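Structures given as structure tokens follow.
Paired with chain B in one complex and with chain C in the other, chain A is shared by the two complexes that follow.
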Partner chain A sequence: MTIALPDTALHRRAGSLTRHINSGVVIFLVLFAAVALKQPSYIEPAGFMNFLRRAAPLGVLAAGQVFVLVSGGFDLSVGSLITLSVLGASMITGGDPSLTGAAIAALYGIGVAVGLINGIAVAFLKVPSIIATLGTLLSVNGVAMMWSGGSPRGYLPDNFRAFGRFVFRDVPLVGQLPLSVIVLAIVAVLAWWGLHGTVFGRRVFAVGDNPRAAELAGIRVDLTRISAFVISALSAVTAGIMLGGFGGVSTDVGQGLELQAIAACVIGGAQLMGGRGSITGVVFGALSLFALFTLLNLLGLPQALRDTAQGLILISAVASGAYRQRTGG
Partner chain B sequence: MKRIVLRCSAAALAVGLATGAGAQEFNSQKDFDYAQELLKMTPQGPEGKPWEQNLGGKQIDTSKYKKPGPYNICFSNAGVDNPWRVVGWTDMQAQADMLKSDIKSFTAADAEGKDDKQISDINSFVSSGKCDALIVSPNTTAALTPAVEAACKKLPVLVFDRGVQTDCPVTFVNPIGGYGWGITTANFIVSKLPKGGKVLGLRILPGVDVLENRWAAADRIFKANNINVVGAEFTGGDNAKTKTIVEDYINRFGKIDAIWMDAGATAVAAVEAFEDAGQPYPIITGEDQEDFLTKWKKEKLTAFAPTYPTYQWRAPVIAAVKILKGEPVVGPTWKLPQPVVTQETLDQYVDPNMPPLHYAMCGCKDMPGYPQRWGGK
Partner chain C sequence: MTSVLSPALEMIGISKSFPGVRALEDVSFECRPGEVHAICGENGAGKSTLMKILGGIYRPDGGEIRIKGQPASFAHPVEARRAGIGIIHQELSLLPDRSVAENIVLGAEPTRRGVLDRTAMRAGAREILARLQSSIEVDARAGDLSLAEQQMVEIAKALASKPSILVMDEPTAALDDSEASRLLDLVRRLRRDSVAVVYVSHRMPEIAAISDRVTVLKDGRKVLTDRTEAMPTGRLVRCMVGRDLEEFFPPRGAADGGVLLQVNEGGNATISDINLTVRRGEVVGVAGLEGAGKSALARAIFGDRPFTRGTMQLNGQPFAPRSSRDGIRAGVGFLPDDRKREGLALGQSLRDNAALTLRAFARALALPSAGAMGNLTLDQRLRALDVRAARFDDPIRLLSGGNQQKVIIARWLARDPQLLIFAEPTRGIDVAAKAAIYAIIRDLANRGRGILMISSDLPEVVGVSDRVVVMHEGRIVGECPSGASEEDVMALAVGHGGSVAEPASACGS
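Up next, the complex of A and B:
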């Protein structure tokens, strides 16, 4: 008995060590190694920066989505909010660079409104978040189509597009540094601070873990939930600005991104029913997912097979997350 | 003699389409040859109005449909779910306005891309008894055939864009089509490509007949000329994905000399991938969308834009009025010319005041409300 004690303690310590290495980081390293084997230019600084630039919008989106997931909900409206941001920006600016600032302010205003609608529907009207945000997905998409008449009516000015296209050249160490990678870094730090460094963050965890207990402990569950949806919507607008910058105007830019964001969170160790998740994890989850897409592209598989592989990999990621939860690892 | 040959090949095309839809045969030698033949023809009809012209068509008698005007015309639309259909639909409404003295009402039903909705739209138009003629732009070929056949028994029907597997409509209006697109674009690349140059094909999605035909025809010509096609990828019509794919190919092969596209919506994104990678511009084939034409002119690209002209939406309205007046129209198949935009004709189509996804081959410049009605300034 007495001999067994230090043994279990040792075991526990080893267990907590593996627990501290996030699953997202591990999966990312494996996938990126495969990408680099197939296409060595990806490990060169320029290739890696280019990869980060393309993955950055998904990272930003996942960093917002995880607030809602941790609080015990889903936000399915982010994809159509991205579409609305891109179309809205083209409608407001109409190619005029002097209107970029106003457009970005208006987009964040729209983002706050959509977040509030989601949050209020969930917190006060008691609509399950998966239904509430599915509803806003449809409405927001409808608004985007009505506003633009189904066909975008303006270009995005170059200063707006800089968020997805501009690259600082001749940067020491990395050679080139895309602006979108800097945006991702800033968003990740802010989100990390918000979720792991503030009282608000602890409330989000408490609400997701056990809303009744949180309420009894005096936490305003409704306000916490609403704030989580607003944060998610703001991250969607940011991702929309980056994607519009990267690719320009299109009517289906946000399609399917809500699922990719949720998948990124799950790969990064966030728990689907709330109460668990980390910013480091979900950002690496997003990078993993993007590395997977890149790998499937590089392998040159036919589209149908790529979709099948992608779907299966996502299900296994979620399944392994659920397994880890059950076994407490 | 030539006319007989033509009618035969038109019949062959109809059969080809009919079997093609069932057997998913997207690469037919017969259709390819027929498109080649159409491309060589001189259009007949009023000068400068390609939407009233035809390629080797025959006038048919419509006196049995004659009735006193003005008319109630009904339109069952597959959908307005992409910019091409938005521009076409705007054309059509403007055309109806232009014929106001003959058209009492122009009623449209939007099927929102659903076969079942379109079938019930057509049924209710027919049973309402309020339509003198019915125009149909079918959502899919096979599913809509019975509804169109039933409508034909009650009133004159006109079909355009995608077809149906019956010749009961008075006329079926459409341009040369996918094979013509593939032939002209691939020939352009073959003529400009340096020896041993690498070509990347960018396609939207698999399984859509007109898109499959475009690729089948281009691929045939690339193979016949031993062109090095390094890949053909599906972009899903998404700008960001297109850019990502092109960047990956540039990384993988060092240099891509030409981009072939089965639709132009993401052409600018493909060009930007070369800019962002610091590479020289490729030879590229896009489409007649303003964003691509503007970029082409600004950056002096070696480019080419085939069209699937949106002006075809004007023809059925004009034809419907003619049919109800008992005047002859081209039928049962009415092939419209399918012009291309080249370096020589670029300037007449570039218009920075039109929206980026406006289709320059709209034939709408003489129509009421241009350019505001099409979103221009």
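Up next, the complex of A and C:
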């Protein structure tokens, strides 16, 4: 039995406000303000759009990763899948623009296959996801190396690279609008719909929260988990296609991105043991992380220090997540 | 100062609020050495909150705690334990990957020269378990134990620190009758040793049998404290729920529908030779001691741990579920006995928990609030079952046990299965809610559903069922018609009275 306090309405409003303002949004605003202080050009439309363009692949990756996290697992294979996507695209097209469509179709096919392998290993063979996807990481890296002969070869046709570099000019309000920002927006909307707007999404939450209860309620826990891994893999391929347009073909494009994606999710309020997370949160989590990298860059810190900082951030984000969980706030 | 009559424990004017909920307001009570002081109240009355404040888990917003007359305040559970308070919490909290012995001594490990003394630890644990007349192996992994065994380990853990004040928050909820009566014997012995015992329970007969005084809480306030002799069950219930309960067990139906479920020679690794019929309109109770295979029977019929031998028919159709999903699809529902581990998605909202089975069978890409999964319909269902919560979109872990159970019932009512299996439907649930759940069960039967009710609570199984099937060591050893006494059922359950050679022998033969 509960007794409503006289000031319940007030309490409720305060409660729902703090509940609905996401940690990722707050952290992003703080960090971006710091970036803008250091380098005012970032708050100009062009500077901001450029920032978004470069942060977009991480946002896409996190929007996929959060499905796996909410379902109670990890997907460590996404970084290597990005590398495979970039190397694979250059091998398939060999620079021929007419093959871009075929290459993209093939990459998504590979993505589905990798997601299925992860999912089946976790759902049916009961391998803990951290181990299973670490195994996939190594295998996918191996495949990428074999396919490309161990060194980056070939180059990507311009129409393939458009996803990462093309910018619409003279757009009202913002001036210029990079294609990759549009891709991020589309992916975010799709992911939001999938996680928050469908029955499937609710099943993902239930499975991550208590797989046994979900099973006894009739949910296909295995299929739900597998779907989450496939979604994560598809987002990795998408991020790979975008990153292919950023730099050239290299063997380390995807390196470390799996941890960045997980860190972004945690900053955005996702819970590592499953059952909690939101798309708005993780997209802003990704932007926060990217703003932080930008800031460290602007401060002139060397790469090694940035890596260290990233590790520390991951740990503190997870620790604060665990604390929030314990205190129920 | 420490005369015999001075209280071992006083809680004075305790208040505590959670966001949107005033859980306790100005609650006071005291417990003397050698006294068993019962705390009663409906689900959500604030009993566990009061106990958690005593255990150093929550800080009170106001009020004072005195131990042997001295003001005390606990910032951490360890400080409460140092003050001589042992607590058995309602929520089991063993570390699943540690051994039973490690769990029992947790936080007070015996050491020799700074190193953990394993021999002493295991001997100590064994001694405490022996006092409880429990045969649990001290080296077993805690996570492998049954709910009842885990409860025993929790009790042993609380006793390990030799507390002068022992708080027991629904210690018998997960125990069967004989285990519960052994526990009550132990409480009597502790009372003789001048331990002050604070005892929280929803089982009225226990309160009458064991306590010296009762304090009743309602809606976070104290209603009264009185001597137990002056509190016959009727008065106690009236204080708790604020009105008379007209009927505790609903009248039985007369409906004799057709056969709904038929099990022939069913068996698997834990149970064998199961022959069972459930008719439409009938409530069949399943009784038996802990470990008799009651829960295994429920799971086999539902399809979660299927039969490997024998056949089943549902509605005259062959029925051989290989998974819970199969069972649900064919028209069976199951409320698991271990609510926390198997029933609830604790971090999700009440509504999401209530919609879980509907969503398991809805189209994957449908709107989560489509049709019957919409907030309006869900809220209606929750309100119809009188679920009490500050907000229906709060995570369900914030609810009291009875309210959680009602949400799971709502989940199944939404699916409306032909056969509904309730396992321990009222474990940890207050009298008023119990009566409500019995009424729901009977109402379902009257509407032509078949009910199988697994229960370790003898009065319940005898009071609600049309027939009681009794299990012993994985087999059905007998059956009692409605009106059988608790003694009849118990005799079969402990392996006397029925002839094992001829299963389903009539009661008392």
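As a working rule, the second predicted complex is superposed on the first by the 313 of 329 C-alpha atoms of A that agree within 3 Å, B and C clash if a C-alpha of one lies under 4 Å from a C-alpha of the other, contacts with A are read in each partner's own complex, and residues count from 1 in each chain.
Following the convention adopted for this analysis, contacts are C-beta pairs under 8 Å (C-beta built on N, C-alpha and C of every residue); 3 or more make two chains touch, one makes a residue touch a chain.
What you are looking at is a predicted structure, and each value in this text was computed from that prediction instead of being measured.
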Which of chain B and chain C A:R276 touches, first, second, both or neither: second
Which superposed partner A:A217 touches (first chain B, second chain C, both, neither): second
Touched partner set for A:G197, first chain B, second chain C, both or neither: second
First (chain B), second (chain C), both or neither touched by A:F205: second
A:P152 touches, of chain B and chain C: first, second, both or neither? first
Touching both chain C and chain B, counted on chain A across the two superposed complexes: none
List of chain B residues in touch with chain A within their complex: 80-83, 86-87, 205-206, 231, 233-234, 236-240, 242-245, 247-248, 251-252, 265-266, 268-269, 272, 276, 291, 355-358, 375
Complex contact set, residues of chain A against chain B: 39, 41-42, 47, 50, 54, 90, 149-155, 165, 167, 243, 246-253, 255, 293-294, 297-298, 300, 303-304
Sites on chain A touched by chain C in the complex: 1-5, 8, 11-12, 15, 197-203, 205-206, 209-210, 212-220, 271, 275-276, 328
Interface residues, chain C side, partner chain A - complex: 17, 19-23, 25, 42-45, 218-220, 304, 323-325, 328-329, 334, 336, 341-348, 352, 355-357, 359-368, 370, 373, 388-391, 397-398, 411
